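Letters A, B, C and D name the chains as they come in the text, with residue numbers starting at 1 for each one.
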Amino acid sequence: MNTDQEKLNMSANRLEALGDGIFSVAMTILVIELRIPLVKENSFRALLHGLYEVRQELFCYFISFIVLGIMWFGHRMVFEYISRTNRYFIFLGVLFYMIVCLVPFSTRFLAANTLQWYAILMYGLNLSGCNLTLYAQWTYGIKRKTLHARILPDEVRKEARRLFLISPIMYAIAIIFSFFFPWISIGIYFFTPILYLLPNKIDKYLP
Amino acid sequence: MNTDQEKLNMSANRLEALGDGIFSVAMTILVIELRIPLVKENSFRALLHGLYEVRQELFCYFISFIVLGIMWFGHRMVFEYISRTNRYFIFLGVLFYMIVCLVPFSTRFLAANTLQWYAILMYGLNLSGCNLTLYAQWTYGIKRKTLHARILPDEVRKEARRLFLISPIMYAIAIIFSFFFPWISIGIYFFTPILYLLPNKIDKYLP
Amino acid sequence: MNTDQEKLNMSANRLEALGDGIFSVAMTILVIELRIPLVKENSFRALLHGLYEVRQELFCYFISFIVLGIMWFGHRMVFEYISRTNRYFIFLGVLFYMIVCLVPFSTRFLAANTLQWYAILMYGLNLSGCNLTLYAQWTYGIKRKTLHARILPDEVRKEARRLFLISPIMYAIAIIFSFFFPWISIGIYFFTPILYLLPNKIDKYLP
Amino acid sequence: MNTDQEKLNMSANRLEALGDGIFSVAMTILVIELRIPLVKENSFRALLHGLYEVRQELFCYFISFIVLGIMWFGHRMVFEYISRTNRYFIFLGVLFYMIVCLVPFSTRFLAANTLQWYAILMYGLNLSGCNLTLYAQWTYGIKRKTLHARILPDEVRKEARRLFLISPIMYAIAIIFSFFFPWISIGIYFFTPILYLLPNKIDKYLP
């Protein structure tokens, strides 16, 4: 009854395209929120002052853009191992995108309340939520043999888990610090993306 | 006169790409509308209060995102069976996208008037309109043999019809309830997407 | 010196992807401009009144969406015959996209001044500009043999010219009427897209 | 341990898709910022006056759109020679996109302060930043043999360097002039894109 010819292909390409679209819009609309600096008189000092007044927005823009870039990279890597989809995998993908789309929102909140614990908390929860839903999608995907694109070496599986969980742990630390030394939390948000630039065990599988 | 070499290919890929783009923008701009919570003093209570004040917007954001995600999935499934297009199929697609793009608009309207029958009415009409135009596109597509990608089993055709029509029916019920118990309408909007997560007869054709 | 191996492929896919992205954003941001209706009291009459107050915006939204949809279709058809690009073809494409991206702007202008000749003029010039730049791109493309994807039958060439030029002519008529009977201009803007739904001589080349 | 089967493909397609998405959103949101002209009375003179009042915004819109179009073309050319990616190449790509996404921001700043040296400075720095990060990505890419799509002739390498560096040099000149004759700076911003329309040595590799 259910012959091979009737089986659907369900290539993951479409989900990737939706994701690429969502990431590109989310990254670009970060900039819509940026207020332009107000330069009150014709001097270099006034320009610096104007830029100083929007420093929090610019800073949050940079961090969020880089974080989304790294998250996009993670999302992209998932699809090196997964080439087909089913209903549950797509649903987990939609959940992930939903949390990703909130990043411009919590970025705006952080920019408006930079050194407040509650903004640091919301931002950290949002970014951790992205990582954890993507990790859930990945975990589901690698369990379903029919979705696989290629063999997943054990080494990659372990390293991927480490890379998925490193951010939520860092962000949890940032949230704890936010009650005492909020500058440290902001520093953690700044430096966590850099951890993903260090060499890791997946590199040798890349070109 | 009209040889095979002159026949156009008209692959559906481009229409899918336009659709993926439209869905990703529509999903992402939902968040542009979100006001950030106003936290009036440095306490956990004030944060909760700030979040409470934007609860309707956040709630509508979540529902609309999930609904659009499911609608995207339906739209994606259509193109598992349709691989080529013609003018009428594309026109029905544009109609569908036009209704989809109104979702951020009616979401904003619902967020501003959450328990009012007229907002529930407009939102329900919009979502039903999405389903019905997609159903029209699907119905046209499966009738035109030249557009087909693969054989459409009878079982899938029937199940697809059920899945296309279940939402408009639920939303009609929500609209009726809105005049008496608007909370029930909101509940229906919340639970209808979940119906699409239950196992269905198309699952066995998926990987 | 310039061997075949060094020749670039320059597939048109990337330009199409940029175009699909631009169309999907331009179509979706039309809705960002829409004000939600203000319903002043709990009655059906108040809802109708609220909708009546935003009727111009909704109407312009519908027209512009359909017009962009048809323009997307034209743009899509160009790439059935053109499969490779060069610098001039891409430059003409960027010009076309630049005019397309102004459509949300002139739509907003028309919505704010619906029956004023100057809004009708700007809107008509914008839409005509889209058609004429796309026509320029098409004309350049079909002249450069190295960009071709397939043979272009004479019948298609002539019909394409007719379809490209029909809108600017209609819009010119609309602009003339705008000084005397602006309702007729609005009617022309409404009915012109419908002309593209009538059967034409390219249909037989489609699936 | 690390067999060929376990090696990842890491096709550059996904990064291109992200880039195409980002460019299409960045180009389209330029128009969101445009204020519609205010036409105070029913006369041709009033229309011209209304347009005159938004001339700076329109002018900056045109320049930025064309500049982004040319930058997209450069970005597109990179991927004619690079077909695979790794972590560093993607990171440089994210940096490039981050600077590109700031263009609507510095365009808005220039539109609000057209003849001020500080706006000309910020705009020039932003555009130069785009060119230089793309150049960095290109330089990294052509050094890593494993990422290559095809042979890169020496002539193309040199011409590409010239084309990458011509803009930053022009923009540096514009910034210097901004302190004395800001109109000349604006003229340079207007004419620099035109330099990219002149015939160059890469043309003969294109179709």
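Operating definition for what follows: a residue touches a chain if its C-beta (ideal position, glycine included) is under 8 Å from a C-beta of that chain, and two chains touch if they have at least 3 such contacts.
No experiment lies behind these values; they were computed from the predicted model shown.
Superposing the C-alpha atoms of chain A onto those of chain D requires a rotation of 90 degrees, given to the nearest 5. Judged by shared residue numbers over all numbers used at their interface, chain A and chain B contact each other through mostly different positions, with under half in common. In this assembly, B is the chain whose CA centroid lies farthest from the centroid of chain D. Computed centre separation for the pair chain B/chain C is 25 angstrom, with centres defined by C-alpha atoms. A straight line joining the Cα centres of chain A and chain C is 35 Å long. Across the assembly, chain C contributes 17, 20-21, 24-25, 29, 32 as residues in contact with two or more other chains.
Within the complex, the chain A residues that touch chain D are 16-17, 20-21, 23-25, 27-32, 34, 36-37, 39, 42, 44, 46-47, 50, 62, 65-66, 69-70, 72-73, 76, 79-80, 150-151, 153, 156, 197, 203-207.
Per the touch definition, chain B reaches chain C in the complex via residues 2, 5-10, 14-15, 17-22, 24-26, 29, 32, 84-87, 90-91, 94, 97-98, 101-102, 104-105, 108-109, 112-113, 116-118, 121, 144, 146-147.
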